[in-house]
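This is the structure I want to talk about, given as structure tokens.
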Amino acid sequence: MRFSMRPSGRKLDQMRSVSIEPNVMKHAEGSCLIRMGETHVLCSASIEDKPPPFLKNTGLGWVTAEYGMLPRATTSRNRREAAAGKQSGRTQEIQRLIGRALRAGVDRSALGERQIVIDCDVLQADGGTRCASITGGWVALRLAVNKLLKAGIIVSDPIVDHVAAVSCGIYAGQPVLDLDYAEDSTAGTDGNFVLTGRSRMIEVQMSAEGASFSRDEMGQLLDLAEAGIAELVAAQKAALG
Amino acid sequence: MRFSMRPSGRKLDQMRSVSIEPNVMKHAEGSCLIRMGETHVLCSASIEDKPPPFLKNTGLGWVTAEYGMLPRATTSRNRREAAAGKQSGRTQEIQRLIGRALRAGVDRSALGERQIVIDCDVLQADGGTRCASITGGWVALRLAVNKLLKAGIIVSDPIVDHVAAVSCGIYAGQPVLDLDYAEDSTAGTDGNFVLTGRSRMIEVQMSAEGASFSRDEMGQLLDLAEAGIAELVAAQKAALG
Amino acid sequence: MRFSMRPSGRKLDQMRSVSIEPNVMKHAEGSCLIRMGETHVLCSASIEDKPPPFLKNTGLGWVTAEYGMLPRATTSRNRREAAAGKQSGRTQEIQRLIGRALRAGVDRSALGERQIVIDCDVLQADGGTRCASITGGWVALRLAVNKLLKAGIIVSDPIVDHVAAVSCGIYAGQPVLDLDYAEDSTAGTDGNFVLTGRSRMIEVQMSAEGASFSRDEMGQLLDLAEAGIAELVAAQKAALG
Amino acid sequence: MRFSMRPSGRKLDQMRSVSIEPNVMKHAEGSCLIRMGETHVLCSASIEDKPPPFLKNTGLGWVTAEYGMLPRATTSRNRREAAAGKQSGRTQEIQRLIGRALRAGVDRSALGERQIVIDCDVLQADGGTRCASITGGWVALRLAVNKLLKAGIIVSDPIVDHVAAVSCGIYAGQPVLDLDYAEDSTAGTDGNFVLTGRSRMIEVQMSAEGASFSRDEMGQLLDLAEAGIAELVAAQKAALG
Amino acid sequence: MRFSMRPSGRKLDQMRSVSIEPNVMKHAEGSCLIRMGETHVLCSASIEDKPPPFLKNTGLGWVTAEYGMLPRATTSRNRREAAAGKQSGRTQEIQRLIGRALRAGVDRSALGERQIVIDCDVLQADGGTRCASITGGWVALRLAVNKLLKAGIIVSDPIVDHVAAVSCGIYAGQPVLDLDYAEDSTAGTDGNFVLTGRSRMIEVQMSAEGASFSRDEMGQLLDLAEAGIAELVAAQKAALG
Amino acid sequence: MRFSMRPSGRKLDQMRSVSIEPNVMKHAEGSCLIRMGETHVLCSASIEDKPPPFLKNTGLGWVTAEYGMLPRATTSRNRREAAAGKQSGRTQEIQRLIGRALRAGVDRSALGERQIVIDCDVLQADGGTRCASITGGWVALRLAVNKLLKAGIIVSDPIVDHVAAVSCGIYAGQPVLDLDYAEDSTAGTDGNFVLTGRSRMIEVQMSAEGASFSRDEMGQLLDLAEAGIAELVAAQKAALG
């Protein structure tokens, strides 16, 4: 693969440096601080004894997620959603994606009738916050589930596989891995890829504003994503020790 | 392709019957009623003389969309969003998708500093409402732009190509085209594909709850989608006469 | 009665053409599309097994209504109430009127502890939407109650009489029947009249902005309304076959 | 007219004692406390230099109203609307009526491009609060307009006539004037009548829940209302000195 | 203490005239109208049979408060909070203070599992509305509790002591008692002091915008407050007879 | 001062360990992470070129604050305010306090017509979050103002003095400094003290639920607060280097 003039100087297929610091929140059942370059997301997992009402008496559990961003996580200050009185469409779209992605890696009947809420709060944003939230959220989830297993509250592990996510896109005509904000804001096409530890796909979202894309380009982005996800899964494993 | 036991008796690669009735709303600059089987969506395009504030003095126009569903469009009655006091996350996600998809087929500088609002209201739902909204919304948009051209308000056609959408999924282990509600609610994987008249991709959203999917399956769904979109584009052309 | 220069060329006591198409919604227990000239309202009735909380253990049922208007039902686009985050005062006033009017024609103890929700959604507006909603809403209600009777869920018919509504007003100094938008927006006095099949009054709302009115004028409008309602009741009967 | 067993012992055509105390609020341009028996409403008029946006550059003024009720104005405490986060449909319906009624007695071009806001706050409720609000609101309006005239800000009096309102209904089979809560809550039919000082009608709202009514009954209620309004107009005159 | 040029001509340590009129609301279990000069607050106490959910099965009761201000209680009209759709931060802060202050004078186990809601509605404002609300709210509370005692619903008096409040501040460099609006809006430091009948402190809130204050000044304000509270407690006793 | 059995084993007059890490947020004009024991608050300062509307053309600037808490900052998860659709009364009270406190240390005319928004987001809570927000918020403000000075946008330093805050209370009958959550939740009286670098008072808030307090106790808490603030001001200086 050729070198390219990415704003960060990274190679086309080069991830930002990844760091996942586990157990950073005193009260949460599971937590981590994930850093993808300058994107920092604090993830926590909270176990609730009861499932959501629609699962009562089904024997099934639930995993859901909420997403937020500190007002000054971004270049210029964004209005605080709590002050605005509602979550934006973007926020809702992202937290629905995180929840769906994490649930896809869980055997909800092994989890039993309880709910785990994953909170992903972006402390600093430089592109790719939804992907970082999924990758870090999975570590928080894993740690919380470990507590349930250790305490004997559940006996069989409901977590089926790793879940991690990365964005790829066509930047300046080239397929690139792990877009940062400078790339994301000008990319013709960008996509978010959620994969399992075994490289199975959970969610693919590709979108073009202005420039449409071909199946070939789609394939190239998928190739990049598979490589990136392998790196993220390794980072998850390292963080869990 | 083999026959399959789809609930509707359709072949795996068979669309529902499509009908697009143009100019059904007296007041709107463009409108149509699109029927994909039992899914019926009323689409209108409203031209506004001013662009949204963030485009002032840029020379660029905007296309946006809003989506709604009548309370009894569905099997059991849903709470009216206006009464609930907010649009659900699902609604916001869908209308963001419709707007993004239609904008991708428009040359915003040829449109000039004005906004076209596409309203997609589901009168009856049987799966695939977001795809029908995009396909029908494009017809409403086309009709409204025709008025602008005819009146000489704009001189060069801002519409670059057709935009249409269809859903595909893995139902009972088989890739199927144009999911209806019975299929959609039980499909392991489902995806929404937005393509142009030239089969270029604008948006791909594939999602698995429970069962992950492979690149092969992804390819099969794309094959189905391309065939389906060709049929929808033909229906758009027929409706426009 | 003399001829008049109504914008539509109608006689003073001439209704717009009325059409009521029953059973137009696949999922609803009762439904119709009512057209009063260019005013089109889709009405559905949804049966809920439980009454509202304040009627629990009273043996009484409830009929209520919700009203909405598609954003582009009107000459220029109105903001979607779901997006605005609340129903306007006008919407609330109208839906309270529809519910009150339909309840007045129902024996709530024969209905038993259940609720029927009437949704009236204006697809196209040209004046008189609240009256069309009542007239069409009654047909939807009638059809839904028929289902309850046919299924043996209730044994005695809770519907006491037809309920229908029409607007009349003083336009250009003349009392006229069934105002359309061109008349409604300039009428000195206008009124909404809800009557039963036996010409008993359920609701009378007369209002003057600027020009007050006399008892004589009130009487003339009532005369017109009685004639108009008779026509609407006939149309309801025809629609029900 | 025969005597009747009204809960209060009043005759059928007997109003409650009426008292209107003007200028009770230090800051308002006009104000009064109106008492209709045990119904007490504090009314104020606030002059704003600018008309609402839709009247800019039309030369016309506006009169509007807001209505509220203290949480413990009623037998049992009602939730505070400010805490609930919205005004109920009932509140909105009432304040729209008050505004419409008062505007009908005003020459908006003589008022000029300004707005007068009438606030009607129910301190204690015993039926008939919307009618008391109109009658008292008119006194507040009159006092505020007097200030404008005295200061020479406007030169010709925009107030065309008195506006007052009273409720009548069919209680225990008899037409009665000025319903109190005990009557209002059980009356088969009740109506609100807004008339001018010259007995011209501005607004008539009659409504039946359960029992429909005839034209004869409507006439009897109108007779009662005309007599009641004459008394209220006299009270307005007395209060203004 | 020296004389001073207070806008009202009052001495530095002189309260405004205080008047507390009990039992002014027909429906409330306890009520009063308190007047501190031109500040008028209507206070009611409503007894609810059930405590708030978090106290269920604890044997403890609750006292809470809500605060409101009529739109034209002030020099220029304020937007109605019910119309704005939310209570301002100021309103919430004040009602939390009132509730906390009154609860501090109550033995919640003697009150038992019930709730008393104190509503304080400012009819006219001239500074010091939160203090007047506490002083008047206590009288309403006392009257409501008397009813519970008289009816034998509770046997031991849950009210431990009087609770009253007054504001003091540094105005034009001098410590003054009971600020009115003219003083409050320009005072460098102002404080609200909630004390019991035995001069014990319940709440002290001192605040400086611009000019900080010393411990000496704090002591002087406390001296003033103690004297003022004694007067208010006497007024409470007089009102209760 | 005697030793005491504080849950943490601290002496009565012993602060928790304080750490202030400056410049932790890439995008903000000023920022720090303040840790008071297990209470961690991320503070940022955002400079806006325009003042709030009410200060336009006054030559004065503004400092305001917003406060938030991550859902799992606490022992059990709290509902996200953005999802709930509003900020709680507690949140509003706290952010109003922070803003007022920081403004009191600023010469608003030296700041000029601009606004600085301080965001205080609690990552982990163990009591005293509002005090930590003020102390850390001042450091963020100082850093942002330094940037304005360095860039020559303002020429004279608008910051008059340090501002810091600490809580004290009566715990188990003893006056203690810097309450942690275990103490705060059971203290009879607790207070928040905002002081300047010269030990002048800006805000004092003392509150008793159940147990009232005396002037002597108030004095003891003030003594503790003065000592604590001196330590915090030293930490602020150290952080700024």
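Observations
Note that the chains are named A, B, C, D, E and F in the order they appear, and that numbering of residues resets to 1 at the start of each chain.
Note that contacts are C-beta pairs under 8 Å (C-beta built on N, C-alpha and C of every residue); 3 or more make two chains touch, one makes a residue touch a chain.
Just so it is clear, the model here is predicted, and its values are computed rather than measured.
Listed by label, the chains that touch subunit A and also subunit E are F.
Distance between Cα centroids is largest for the pairing of subunit E with B.
Farthest from subunit C in terms of Cα centroid separation is F. Distance from the subunit C centre to the subunit F centre is 59 Å, each centre being the mean of its Cα atoms.
The centroid of the Cα atoms in subunit C and the matching centroid in subunit D are 27 Å apart. Chain centres here are Cα averages; for subunit B and subunit F they lie 51 Å apart.
In subunit C, 85-87 are the positions where the chain touches two or more neighbouring chains simultaneously.
The ring of touching chains, read from subunit C in the direction of subunit D, comes out as C, D, E, F, A, B.
Touching subunit F in their complex are the following residues of subunit A: 25-28, 31, 38, 42, 44, 46, 48, 66, 68, 70-77, 80-87, 91, 117, 119, 121, 123-124, 126. Within the complex formed with subunit B, the residues of subunit A that make contact are 86-87, 89-90, 92-93, 95-96, 100, 103-104, 191, 196, 200-210, 212-215, 218, 222.
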